[in-house]
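Each structure below appears as structure tokens.
Both of the next two complexes hold chain A, though its partner changes from chain B to chain C.
And now, the complex of A and B:
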């Protein structure tokens, strides 16, 4: 069993809005860089499958060489090797094309996992485009993944509930966070071992861009409007808060 | 009539000769204890030190004060005094017995004159009587035991050995009474118990027969008792003082720093185990801890986790380990038996250690399990895991905070530390930078320092010492963060640091020096006191009652109790909570439990309730974590804002 996980190194996704700042239309470089939020859930899911099936795990990323130090965390968590495709584009089609090239450079990948969406752009489109390029099924928002008798059983998590799906052969899944895939804190031995794990660096290949132009990037102005929910019962307060957030389309 | 050795006894020398095999059995028992303890790992032994202080890691003062004089036992007066009766009574009786032997062997004139009257008669009777009183107390207490003795498990073996000792004392008195009664009506000066028995209970007609029988019974039981000591819980007579002597001289838990260089070494054949998962991972000192434990439960009684229905009992942990050690199960995993919840529920407040009469280091044992879970097994409660991940990624543990690193000083003109220009680094730390309520501590301290004209500066961007990682068991991450900080401090030429958080103070003063970072560290409360002493602050003393909550990492761990109190007394009236100073109760946030979902009832609510009961107008703290925990805990009791850091209280009193 060989699983590939797509991971992206992003600026700190928890920087408070008030503190956020741009530089050349992207997050300021002073912000710490780290593995994407859902990407870590995908890595954890993959490690669990790897542990169950005695398989192997390759972490694939598209970015700069500086990202390797952050990708090592994935190796410390349990990935066997890293592949970095060097590139700077943030066009989803270009990224997907380069990731496909990386996948094709390794043999017999049984399953491709990715985070549900990147933690910087929140688009969640790359895995879908990649699946289309590979000609395999793409299933988003997956919680559990099981492998039995040569086929995959996956659970798709939505706001309304769960849906179980089954497919055979390779596929691309985007992983959401569930209590069972909370990313592990790498053990110290694994951190040191990760330093020795192979890193394959690939040059990016020419890929067709999507037909769109970036016109403007702006940070919304934050306005604080405070409203107190004046009820005694915390449970009721939470229900009211959730309703309000839903009504205002924050959720 | 002077006492004559072996009076009324034929072949009495047999008792003395039997002492030789008894001594062999006794020392063999101790040797078996040593064999148990020897299975632990060796500690690094420093070179022979100052003989007045101690020899190597053995501390004479601690040995004498806590080991022999049992200073901590008397914190519980009833059992302390009873123990004192038994211990000192037995010491005096032991001396008396040896004087008798010297009399037999060398004719030492102990049975004549005032010495006979006051020591050999009166003192020995008094010692025996008080020992008997103590024994009766302990026997009754074993029959009606307090919870701390009963739960989670009572140590067996005390009743037979106490009963045996009581019997020895009684037969000793009966022998003495029979001897006096047989002496045709003349009582023995000073021997008040023997005289009482001779006058009231022992028939002169039977005295000789009684004497002959009880002399042998007393002698044989005494020998049996001595031989039995190392095989019974009474082995603590030997182990406890030794354990105290080997206890770390620094106040409370000192986890040290770990060396990870072996992991870098590609040629290393075997990598060291990180933390402890099984008994074999512990040192000899910890084995001595487990063997010395009397299961008295004093640790459990003061434990904040135990007292709020969490699955942790420090006594339970030590009992489990002592049981396993006694049964030789050195290589079985212990963590499941103790439970991961229990291991992470420890707030590392060190109240258990402070209460322990025999200086057992319960928190260190628990922390070693935590280290193993985190660094070897990647197992950590989810919220703590997020805090650790945040520390690793962002150099602070406040994941999901709404604050940026510089928000705490918004609208304030705070100087940045300038190499060669600034005297003190005001270390902001993580909680003050990232937690909205705690930010006010930093702002207040800046106002105080500016008012006093102190040369100080901050780092461009606040960060953490790494202490939360250390507390949660991730020593590796702590070492990485600490080394980075030390490098940066060296580049800036930082020598003096004012801390706002006792956890930072503890890290800087205890752990950083071992990694090469030596600085003059001063907690903000102590620095404010200095400023007050130097009349650099003009304060108005308000008509307000203030109670002070001792932060564990400032008080118990570092012995700083008075400075914050002096500061508070300068701005209002100080009123103490029932549990204060070294007996203070934790806020619940220590040991990384600030990032925990509490099981059972909440520690912070209990402590805030204690503070409320003082009827103080203000509850003062000297730790941002205590501030945050108690502010939250107080919500159960009142909607008033009553909890402030001492810096906030002082800043509000400045004119």
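And now, the complex of A and C:
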């Protein structure tokens, strides 16, 4: 069983809005970089499948060589090798095309997992484009993944609950977080071992960009003044709060 | 512009997409999924009981090419997200997801970096595939019904084994006038019942942050935010929620945010109208009691 996980290194997604800054219409380079949040859930899910099936796991990313140090966290968690396609485009079709080239450079991938959304462009669209390019099904918002009798059974988290779906052959899934796929914290030994795992670097291939012209990126103004209510006497505090909510007709 | 809506039979979701379609055309066509009558008026209407995107893609692509649709409208939902990427690739169409505003000349806006920035893009060619973020466009009231032509879906790449919808007592989270949301600060699953009691007093619903959902204290159907539900209540209580931008993305249209957090530096206070810096356990039971007494 060979699983591939698509992961993206992104600027720190927990920087609060107030501190957020742009340079050249993208997050300022001063922000530290890290693996995308849901990508880590995807890696965790893949490791669990790998452990159950004695399979192997390849982590694939499109980005800069500088990202390799952050991708190594995935290797420390349990990925066997990394493939980096060197490129700088933010275009979803270009990224998908390059990820496909990386997938085609390795043999027999049985399943491709990605995070539900990257934590920078927040699009959630690359895995779906890739699936169509590969001619395999794409299913988003997946929690559990199981492999039995040659087919995949997956649990999709929907707005109302969940559903269990089945398909055979390869497919592309985007993974959401569930308590069972909270990413493991790699042990120190694993972190050192990860440094020795193979990293394959590929040049990007020419891909057609989407017909979208970026006009502007702006930081929305947040104008909110918080009225702090003294909580020394909680009984008094809740009375003041309720009065204020009623006065301003919110309740 | 020739516009196609693809949506499950759901008054609000179709209503929102119908509103959006006005930016592009007078009367859109629709592919309605699921059982029942198709609400509202359309040029042409197709219907299928198939609701799984991988099984729908080939027929939609065929139809979109045949009818020369220029704009395909989807919601940000399991269905919309499942269709957007594959349709974009199959139709060589640009795709823009999570659209929150539309301007003239095919210029659209969407948030990036968890809502910390907004990108404006001009669509340079059609067909284009758009997914529309919920609650950003007032749903059109759909009157009457349109009769439909069946949409043939031959491929069964993916099989539905079972589907379980959660029972929700009381008001649905998306429509609740008051939402009481708990985050990782709530500490355990049992304490979520304190929030439920408060919500019940206010005819509201309980929400959760991703932090609380990951801990297993609240069901994923309760998650509020960029990758959860979008809500727009009159009052939103954020209890033990730090206020990450991705969480705030789900409450952008809430009228009044009340933040209860023991860390005065928590980002939630930057979005809150009223703030209480304390352990929530000191306040929530008192608040519930005071509301009860005021009745």
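Methods note: the second predicted complex is superposed on the first by the 224 of 251 C-alpha atoms of A that agree within 3 Å, B and C clash if a C-alpha of one lies under 4 Å from a C-alpha of the other, contacts with A are read in each partner's own complex, and residues count from 1 in each chain.
Rule of thumb we're sticking to: a residue touches a chain if its C-beta (ideal position, glycine included) is under 8 Å from a C-beta of that chain, and two chains touch if they have at least 3 such contacts.
None of the values given here were measured: they were computed from a predicted structure.
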Partner chain in contact with A:201 - chain B first, chain C second, else both or neither: neither
Contact breadth on chain A, by residue count: chain C or chain B: C
First (chain B), second (chain C), both or neither touched by A:218: second
Contacts of A:15 with chain B and chain C, given as first, second, both or neither: both
Chain B versus chain C as contact partner of A:183, first or second or both or neither: first
Which of chain B and chain C A:52 touches, first, second, both or neither: neither
Partner chain(s) touched by A:191 [first = chain B, second = chain C, both, neither]: first
First (chain B), second (chain C), both or neither touched by A:32: first
Set of chain A residues, in rising order, touched by both chain B and chain C: 14-16, 18, 179, 182
Contact footprint of chain C on chain A as seen in their complex: 11, 13-18, 20, 22, 25, 27, 38, 92-93, 96, 116-117, 119-133, 137-141, 143, 153, 156-167, 171, 174, 176-179, 182, 208, 210-220, 222, 224, 226-229, 231, 234-235, 237-239, 241-242, 244-245, 248, 250-251
In the complex with chain A, residue positions of chain C that touch it: 52-54, 57, 77-78, 81-90, 92, 94-98, 107, 111-125, 157-166, 178, 202, 210, 213-216, 220-221, 226-227, 229, 234-235, 243-246, 248, 255-256, 258-259, 267, 269-278, 282-283, 286-287, 290-291, 294
Chain B contact footprint on chain A (complex, rising order): 12, 14-16, 18-19, 32, 34, 73, 179, 182-192
Partner chain A, residues of chain B touching it in the complex: 260, 263-264, 271, 274, 374-378, 380, 382, 385, 388-390, 392-395, 399-407, 474, 476
